[in-house]
Structure formats: structure tokens, C-alpha cells
Amino acid sequence: MTSHELLPLAVLASSLLPGLIIFALPEAWIGVRTFLNLFAAIAKLGLVALLLAGVAAGEEYGVRYAVLPGLELALKADALGMLFITLSAILWLFTTLYAIGYLEGAPHRSRFFGFFSLCVTATMGIAMAANLFTFFIFYELLTLSTFPLVVHRGTDKAMKGGTIYLAYTLIGGTALLAGIVWLHHLLGHTEFAHAGIAAALGPEYAGQLKIIFLLLIAGVGVKAAIVPLHGWLPQAMVAPAPVSALLHAVAVVKAGAFGIVRIVYEVYGVEFAQSLDLLYPLAIFAAVTILWGSFRALFQDDLKKRLAYSTVSQVSYIVLGVALFGPIGTIGGLVHLVHQGIMKITLFFCAGNFAETLGIHKVSEMDGAGRRMPLTTLAFSIGALGMMGAPLTAGAVSKAWLMDGATAARMDWAIWVLWTSSLLNAAYFLPILWRAWLRPVPAAWPEEHIARRGWRETALLLLLPPLFTAAATLTAGMLADSEATPLAWARLIAEREYIGQGRP
Amino acid sequence: MSTGFVFALAGAVLFSLGVAGVVLIGHLLRRILAFNLMGSGAFLVLVGLAQRQDVADPVPQAMVLTGIVVAVAATALALALVRKLHALTGQLGLPGDVDE
Amino acid sequence: MKRRVLVAFVLTLALAFVFLLAGAMLDLGPTTIDLRAPVAAHLAQSGVTHPVTAVLLNYRGYDTLLEIAVLLVALLALLAVVGDAPVPPSRAAHPVLQTLARLATPLMIVVAVYLLWAGAFRPGGAFQAGAVLAAAAVLLHLVGLQPGWSRPRLGLRIGLAAGFVLFLAVATGLLTQGSLLQYPPAAAGVLILLIESGLTVSLALILASLFLFLSREEGA
Amino acid sequence: MSMSEPLFDPLAWLILLPLAWATLAFVLGPGRGAWPAIAGLATQCWLALDLAQKVGAGGTAAHVVGGWGAPLGIDLAVDGLSAAMLLLTQAVALPLAIYARSYFKPGDPAGTWFWPLTGFLIAGLNALFVSADLFNLYVTLELVGLAAVGLVAAGGGAQQVAAALRYLFATLVGSGAYLLGVALIYGAYGTVSIATLLPLVTDDAPRLAWIAGGLMVAGLMLKTALFPFHFWLPPAHGGAPAPVSALLSALVVKASFYLILRLWLGPLQAVLPAFAWLMALLGAAAIFWGSWQAIRAVKLKRLIAYSTVAQLGYLFLIFPLLAAPGAIHAGVMQVFAHGLAKAGMFAAAGVLIKATGQDTVAGLAGAVERLPVTMFAFGLAGMTLMGLPPSSGFLAKWQIIEAALAQGHWIIAAVVLAGGLLAAVYVLRVLRQAFLMAPASATLAPVPRTLEWSAFALAAASVLLGLRGVELMQLPGAVT
């Protein structure tokens, strides 16, 4: 086995093996578990960095293994996958740190971190899948490994949220499977390739290919929470905060959005999808989701629920970018995949901090929180402003590219959708900021768990991750045009995808 | 019509009666008898049909001997079960399905 | 009412099946294969002269081996079902009956031995012999001379298994000849007699057990 | 030691060994014989693997019992299908034997004759899978059937005895119908050897051959518990001790399915395909009805037993697809997937019942906390039953769907997909309950770790097999 085969496997193994070991660890071995967690996260980051450097230099990484005659598990590291992998690997480190702080003293931590690691492994597999079959395997593994995390608390409410989550994702998985087998039957393989593979079939298959597209997009659309398949996401926020962060920013919804990218670009090919009239309806669905999510967020008093609806809306920015036929929109969508992750994880970390430190779960309880927890509130504000697309934040970059993409694709209505959504974002985020910063401190917090110690408004492990990601939000926004940013990488991908079909 | 055929036809009748009995009869001892009727029917068909020209064929005869022993074994087990059920419940019939 | 409909339905089906079957049987031509010729042709090598015994213990001896296993399984299942119940005291029958039974038993043993020996060349064999011996035990039990059995002790277990073990050992040993139960023609007669003798004892014990282990629960 | 020597023919020893250790266990006495069984099964595993490798590489194996050869004597023959069944049987039985050794406490009336009965059961199964003679198959069917009934009834109360009786009558009527079919075949053709019959039974076969085929298949359907003949299975499999339920659900029902397939592909191939869609229809009905009952079941083992009814349905969906390659592969994969997963699941259920002291789904609250390994095993087995990747159940599902699409029977694909979702509902019912916080009052009895880990091994095998499909699929490629 060459190093080019081993490296993708090592990226998987760097979370899979620690995960399996953690399952077996006695609950009380906190030190060992923490060490393993951090060691794995850092090792993964190192491996991903190696891989990234290689891919940037044009190296090919991949490994194949047949599970049935003619059916292969295949991994590859390409530019598109690396975008997602790098995002996940970095955010995993922060989420792990945060989760260690968040769950201090909580029961079942071995179980939690075990599934946590499996979840990241599945995400890495999704990113590196070289064909739809492999994609599906990791996609379902992701479903399975996140369920125990969602229901982690073991309450009736958690069960209800978890059950709804599973109902949606399993039905979606079934649709996805149907589409994949069908495609495999028609083509004999499901390998991802630049400019797609479906075009190889003659025009007489157009009808079948449309149905398959519907099945595939419905399948991944559940995780991407496209309206009307989004119902699980607000329910799943019963999970502990690090899990919500993971679900919303790193793993689940991102896997869905990433799946849509892969299907449109590398299974059908943008050009071919456009010729089948598939992109326009997709854009409409994305637009409806963007507006509906923002609109529903307005009316949520529960902080995490408001964030959840915000996710519904924001993830479809990515889908919209993909559906805007053209490289500029693609860049906007892809860069938002990263930017949304950084911003949303900041928001969930902060929401978790408010809940863990002061017992604040609702927007209406946020009065004066900024005075008690200035750093957390600052991070929250940066994330929120980013979501609105305020200048200097990462959000502004995504939004600008998306709008340019819409103009280039002559879909002006999409610009209006984005503007309306921004206004709605402001309408549901600004009141929170106003309450936190400008309203007086109440006589008593709902439930104060962690006392202030000097400048440390809450536990250090809870405080640092959101500060880092908030800083990243600003960096990605301000230095967008430099070499080593998500934007630069997204442009590289768009170049490769479109060169793949002969038009830079 | 040869004797073999008569045996085979009688076997067909016995088999059918036996199956009908197993299906219809609730009393377990009678059901066991019905099962034996069914088995005997099959044995008669096996031997009778094979020697429909009225020339003995030792192969099916040996098979039937094997079959009879198997039937004896099954009957003994069935009787044991019925007796146990009777000892436990005082019933000689199977209770209605106890599905939840 | 419902039951009558069911009965009528099942009986109609049964009748229809009989007619269907009868019609199909009457349509039948001669068979393509006739095993009577090969059975007769190899009789000389089979070690016995009676064709049914040849089929039973040589040509298709493997069926018989498994069939003994079926009998043992039935006994095991029976033992597993009835569990360990105390043996009730046997009721003594009328002295005349007891005397008759005492007289009949040796006779039955003689008949059994004859049947075993006769199996080689005329109807008879281990099963018939075993059945007669078992019947003797049942008779003794019914007149109160033989109590029911409660749990199979080591000796009995060995006796129950011996015939099968012997058969299995011969079958396995004959693997050296090329395959399971491949009797060398010269030794076939002796080996078959050996197996049949073992089987007679064990079959008698098994058949008797099927009765005696079951009878002990009487009155419980 | 050369394996080609007749003395070491694995085919013969796969039958002789279990017969030997079964008899030894009987002579040793009540409750004894676990170690001979485990040693025997370990050897058998090795033999089956050896045989499977040989057959998978394109070889065949045969054993001419008595040296006479068919049609006078009885032939044993192993092709890919038989080799696969043999492999599954030994591979499931060995961990279950290890499980059972810890499961039955000394003096447990249910375990008194467990070892000899299991030995005869395994011997019967192995003999069934290698037999190439229709009448000999009848004897093996009875051997398996009676041993299975004995295991169900052992040491049980009224409900268990009633279940065993119902099972006994079903299995006896089933083999009775099969026997009449054999009698008719002998009457029509003068032989019961599969190989001899193969060229004789043609499209213009006499009507009697059709009736015979119908009788044999109907009898075997009853023994496989195909809907609507499934009535006996839930009480029998749900009421027996866990190791017995596992053996029965994983292996015994598969034996009669195997025999249907064997007849279908072999001697009766001119006759049986007329029933193909009937089989698939009943299979689909089994999937829906079995799943529905599993979803409603109050008792844990009853739930698992109904799941067996449903999972068996998948096997019958392949019959309309047998005309093209791929269907047998799917069938073999499903047999393995369900065999391993169901054995693991029943084994896990046995642990849960021992620990909680009750056989209800509701009683599982908090089980994830207290018995993580067992619940993990249950979850892995559930994954396979749901057909989620990367389990072998997923591969089976994939193969059935693809075979169905290849032949334009999308309805079968739809049934398979729907069945997977229904399975998810009943599996998740259990998992959901187990993830609930433990009620403070609940105390769990300690359970030997061997039990937990052997359940885990079986369940994990059902998932990991999904990554080793290539090797296994060499076997159905070698069906003759």
C-alpha cells in the first residue's frame, strides 16, 4: 500500500480508532479520554494538512476496496472534498475542546465521545467518497452515529427529537438508496467525475434520470434541511450544545449540502443538469427554504430553535449557489459551506455558554447578558453579524459572490431573495444583540451554574472555542483575497470543476 | 386397475383425510391420529404407485420402513407433549392464539 | 355456523385434491428408471439376500443411520419435556396376568432373536426384533412387574446409545474403504449382522423408553 | 495430511462429528457435553471453511455413500449454495454454543438435554445441506424438525409446551406433504436422486410431477413459516430459551428455504417457476405483516420472532428473479445477514431478559447505561436487519434491488425499500426504550460477560460481513 492510499485511510482511522477505544474506556478515566480526544483531533488536523498540501500540489490520493463484485468502496481526496475535510477537521478540534468543558461531570461521557468520533469519521468518509455508493455508506453511518448524540440526555423530549430526526433521515436515506441503485443499474458504476457521469446515457434516459435526480436530491435534501424536508432540524436541537454545533455546522446539514454539490457537479454535471432543466427547480426550492427558514426564525423565542431555523435558511445559500448555473455562483456556494460552518458553530457555542453559565435558553431571557458575559456576547455578535452579511465578516464574502453569481446567471430574483433574507436575519438577530448589550441586567439569572472568576465569565474550555471561531469569522472576511483562505480554495475547485467540462 | 393402484388411491384418500383432520380437529389425541393417517397415506402412495404393475419394488418398501420409524418417533414426541400439556393445564386442546 | 363452513371448505378441498391426484396417477406411464434390476444385481455383494434389508442397511443404509438418530432425538426431546417427575408405585395386575406375562417374556425374546436372524433373507430385522423386545418390556410394565423409569442412568444411557454408536463407528470406519458405509462385499454380511444386533438392543431400549418414561407421570 | 483422502472427507465429517458429540453428550448425562460440543463445532467450522474455499475456487465436492452411486445409493454433493449454508451453520452455531454454555445454569431444566439435541440438530442441518437424494432429505428434515421441537419444549411451562405442539404439527404436516411429493416423484420417475431426476423432469412433465412440486414446496413453505403459514413461529421462537430461539431463527427455518431453492434450481426447475410470483407475493405479505406485528409486539422476543417472519419474506422475493444471475447471490447474502444478525439479536435479548428479569420492550429503559455491550450488539444486529450500510443486510438489499431493476420488476425493489423502513421502526422501538434514562428503582441482575460478548461477536459479524462480500459471493457463483 502506498502512502497515497494510506493517507486517506489514516484520516479516517485518526478518529475511528480513538472512537472505538473511547467506547471501551471506563467512565472515570477522564484524563485518558481527554488525551485521546485531543490527540486524535490534533493528529487528524496534521494528517489533513498533509493531504491538503498534496492535493494543492496536484497529487492524487485514493484507495479502493471491493465489497461485492463490481461494487467498490472508494475514497479519494480531491479539491472539493478537501474543502469539507479541512473545515470539519478544524471545527472538530474546537468542538471537542468545547464538549470536554461542556460535559464536565456529566454522565456517559465515554459513550458520548465514542459516537462523537464516529460521527466525525463518517463526515470525513462523506467528504472523501469517490462514488455515490461510498457516499451513501458514510451518509447512513452519519445518521446512525448522530442518533445516540441527539438522544444523549435520555429524556422523553430528547427521544422525541431523536425519533423525528431518525424518521426524516432514514426515509431520506431510502430515497437516496433507491436513486443510487437505479443509477448504478443504468451506468454500472457511480463514480464521481468532473463534468458528471450521467451524460454518458443517451437522451432516451432523460426521464429516468430526472426521477433519479429527484430521489437523490430528496435523499440528501433531508440532511440539508431543504423545505419541506427540514422538519427534523428544529426538533433535533434538544441535543447538548456541542452536538447541535456539530449537527449544524460540521456534520449533518453540511453532509447534505455537500451531497448536493457532488450530485450536481460530479454525478450529473452542471451542464447536463442544466440541459435536463434540473437546476432551476432546485434554485426555487433553495430560495423558498432561505426565506421560509428566516421567516420562521423570527418567531422563535427559544434561542437554539431560532438558530436552528437560521441554519435551515443559511444552508440553502449553498444549494442556491450550486443551482446558479455558473462558476461565480459555485464559488459563492462553496465558500459559504465553510463560512456558514464557522459562523454557526460560534453561535451554537455561545448559546451553549449562555445556557450552561446562566441558564438562559430563551431570547426573552437574554437581557443584560452582555454585561455579565461580554466575551461570549461579543463572539455571538460577530457570528450574528456574519449571518446577516455585515461587512468585514465571512458572511459578507459569501453573499457578495452569491449575488454576483445570480447576476451572471441572469437570475435577478435570486438577488432579491438574498436581500430579503438578510433583512430577516437582521430582524431576528438584532433584537438578541440589543437585549444582550443594552437592556439592564435582571435581578437574578434563570439558573446560574458557573460563577465569574476574574475575566473568566465562564469555564475556560467553553469560552475559548467561540472566541477562536469568531476570530476566524472576521479573518475569513477581512483577508478573503489572500492565498490561504476558503475563498481561494473554492476558486480552485470551481476552476477544476469547470475546466473539467472545458470552460474555465 | 392393479392392486398397487388401489393402494395408491387409498393412500391419496387417507392423506387428504389426515390433513383435513389435522387442520380441523382440536382434540390433540385425535389430531395425532389424523397425522398418523396422513403419514400412512403417504406411505401407501409411495409403495402402491411404485408397484402399479404389481411387481414388488424393495426400494420404496425400505423407504416406508424408515418412514414408519420416523413417524413412530414423531408420534411419541407428540404424545409426550400432549401429556405434559394435559398435566400442566388439564386441557387436551391447544389454547387459542395467545398473541398480544 | 362458521365452523361448519370451515369444515365444508376443508373437506371440499380435500376431496378435490383426491380427484386431482387420482386423475394424475391414472395418467401415469411406465417409469424411466427401474431400481429393481440394480437392487437384484448387487444383492450378492450386499451381504444379505433379502432385497429390502439390502436397501435398508446397505444401499440406503445412510437413511437408516439418520433414522436411528431421529429416534434418539425423539427420546431426548421426550426426556426434555417430561423432566424429573417422581415414579409412581406400579399397580400390580391380577396374578394370572402377571404369570402370563412372565411366561410370554422369554418367548418374545426368542421371537426377537429369530426376527433379527431372519432379516438377512426374509422379512424381519433389527426393528422388528427391537419392537418385540420393547413390547415385552411394555407388557411387564402394564402388569406391574416393571416400574416406570424416572431418569436415564449411565447404564441405560449407554444401552440406548450403543446401537447408534456401533452403527456410526462402522460407518466411519468404512471411510477407509472409500466412503461412508462402503462395506467390503466379503465382510458386509458380518458387519450388517453386527449393526443389526446392536440396533436390536438399543432400539428395544429406545422404544421401551418412549413408553416407560412417559408412563411415570400417570396420576401426577 | 491430504484432504483428498476419503478418510478425511470434510463432507462426511461435517455429519459424523456432530452426531458423535451429540451422542457423547447424551451418554455423559443431563446438562453435560458443552465442551465436546464446542470442540466439535470449532472443528466443523474449520471443515466448512475448507470446503467453502474449495468450492468457491471452482471445485465441487461429492461423497458417494456406500460406494453404490445414485440412483441405487445415496449421493452427497456440495455446490456453492450448500457450502454457503454449511459455513453459515457452523459459524452461527459455534458462538451460540459458547453462549449457551454460560446461559444454562447447572440444573436448569431447559438445559438438561440441550447439548445432545443441538448436536443432532446441527447434524441434521449439515446432512440436509449436502444431501442429493429427495428421500434422504426427508429424513434429515425430520431429524431437524424433531430436534427443534424438543429444544423449544425443553423444561418449559404450559405456553412453551403449547407452542412446541403447534410447531410440531406444523413441521410434521410440512414434512408429510413433502413426503407425499417424494412418493409421487418416485412413482413417476422411479428415482429420488436429484442428479438422476435433473434431465428427466422436463417441460412436458406429467401432471403428477406438478402436483409433487406443489406439495413439496407447500410443505416446505409451512416449515419455513412463510406468510400465511407463519402462525407457529412467533410462539415457538419467542417462547424458547434464547440460545434455542437463536438457533431456530438463524438456521432451522433457512434449511427448508434452502431446500425450496435447491428443488427450484435443480430437479424441479421445469415445474416450480410457475409459482414464482406467488412466492414473491407471499414474501411481500410476510414482510409487511411480520414487521407490523413486530412493531406492535409487547414482548421483546416476540418482536424479534416476528422480525424473523418479515426477514424470511425477503428470501422469497428472489424467486421471480432467478431467471437472471444476481438473485441467488442476493438470497445467499440475505441468508447470511439474517442468520448472523438474528442469532446475535436473540442472544442479546437473552442477556437483557436475564438482566431485567422480564421479557418486555418496556422493561428495557436504561439498558444502554447498564449493558452497553449488549445494547451495542442489539443495535448492530438491528442495523443489519434494517439493511443499513455497511452491514451485510445492506448488501443483500442492494443486490435484491439491483436484480429487480435489472429485470424491470421495480415493485420488488419498492417492497425491499419499504421493508427496510418498517424494520427501522421496530428496531428503533427497542433502542429508543433502551436509551431512556433508567428508572431509579430498576436493579439489574449480573450477567456473565461471555453472554454479552458472544452476542456482540455474532452481531458484529453480521455487520463486518458487509465488507467481505466478494469472498462470500464466490459461493453462489458456484451453484450447480
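In this document, chain identifiers A, B, C and D correspond to the written order of the chains, with residue numbering beginning at 1 in each.
Everything below uses one rule, namely that a contact is a pair of C-beta atoms (placed from the backbone, for glycine too) under 8 Å apart; a residue touches a chain by one contact, two chains touch by 3 or more.
This one's a predicted model, so the numbers in the text were calculated from it and none came from an experiment.
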item: Centre-most chain [mean C-alpha coordinates]; value: D
item: From chain A, the most remote chain by mean C-alpha position; value: C
item: Chain pair showing more contacts of the two, C-D and B-C; value: C-D
item: Whole-Å gap separating chain A and chain B, where each centre is the average of the chain's CA atoms; value: 67
item: Where chain C and chain D are represented by their mean Cα positions, the distance between them in whole Å; value: 29
item: Centre distance in Å when chain B and chain C are each reduced to the mean of their C-alpha atoms; value: 16
item: Whole-Å gap between the CA centroids of chain A and chain D; value: 43
item: Per-residue multi-chain contacts in chain D, two or more chains; value: 135, 139, 142, 146, 149-150, 153, 161, 164, 184, 187, 190
item: Where chain A touches two or more other chains at once, by residue number; value: none
item: Multi-partner residues of chain C (each touching 2 or more other chains); value: 21, 25, 28, 35, 39, 59-60, 63, 67, 70, 73-74, 77-78, 81
item: All pairs of touching chains, each written as two labels joined by a dash; value: A-D, B-C, B-D, C-D
item: Contact footprint of chain A on chain D as seen in their complex; value: 368-369, 372, 376, 383, 386, 388-390, 394-395, 397-399, 401-402, 405-406, 413, 417, 420-421, 424, 428, 432, 435-437, 466-470, 473
item: Chain C residues within the chain B interface of the complex; value: 6-7, 10-11, 13-15, 17-18, 21-22, 25-26, 28, 30, 35-36, 39, 51-52, 54-56, 59-60, 63-64, 67, 70-71, 73-75, 77-78, 81-82, 127, 207, 210, 214, 217, 220
item: List of chain B residues in touch with chain C within their complex; value: 5, 8-9, 12-13, 16-17, 19-20, 23-24, 49, 52-53, 55, 57-59, 61-63, 65-66, 69-70, 72-74, 76-77, 79-81, 83-84, 87
item: Touch list for chain A against partner chain D, complex; value: 23, 65-69, 71, 73, 107-108, 111, 136-137, 140-141, 143-144, 148, 151, 154-156, 159, 162-163, 166, 170-171, 173-174, 177-178, 181-182, 184-185
item: Contact set on chain B toward chain D in their complex; value: 8, 11, 15, 18-19, 22, 28, 31, 35, 38-39, 41-43, 45-46, 49-50, 52, 59-60, 63, 66-67, 70, 73-74, 77-78, 81-82, 84-85, 88-89, 94-95, 97-100
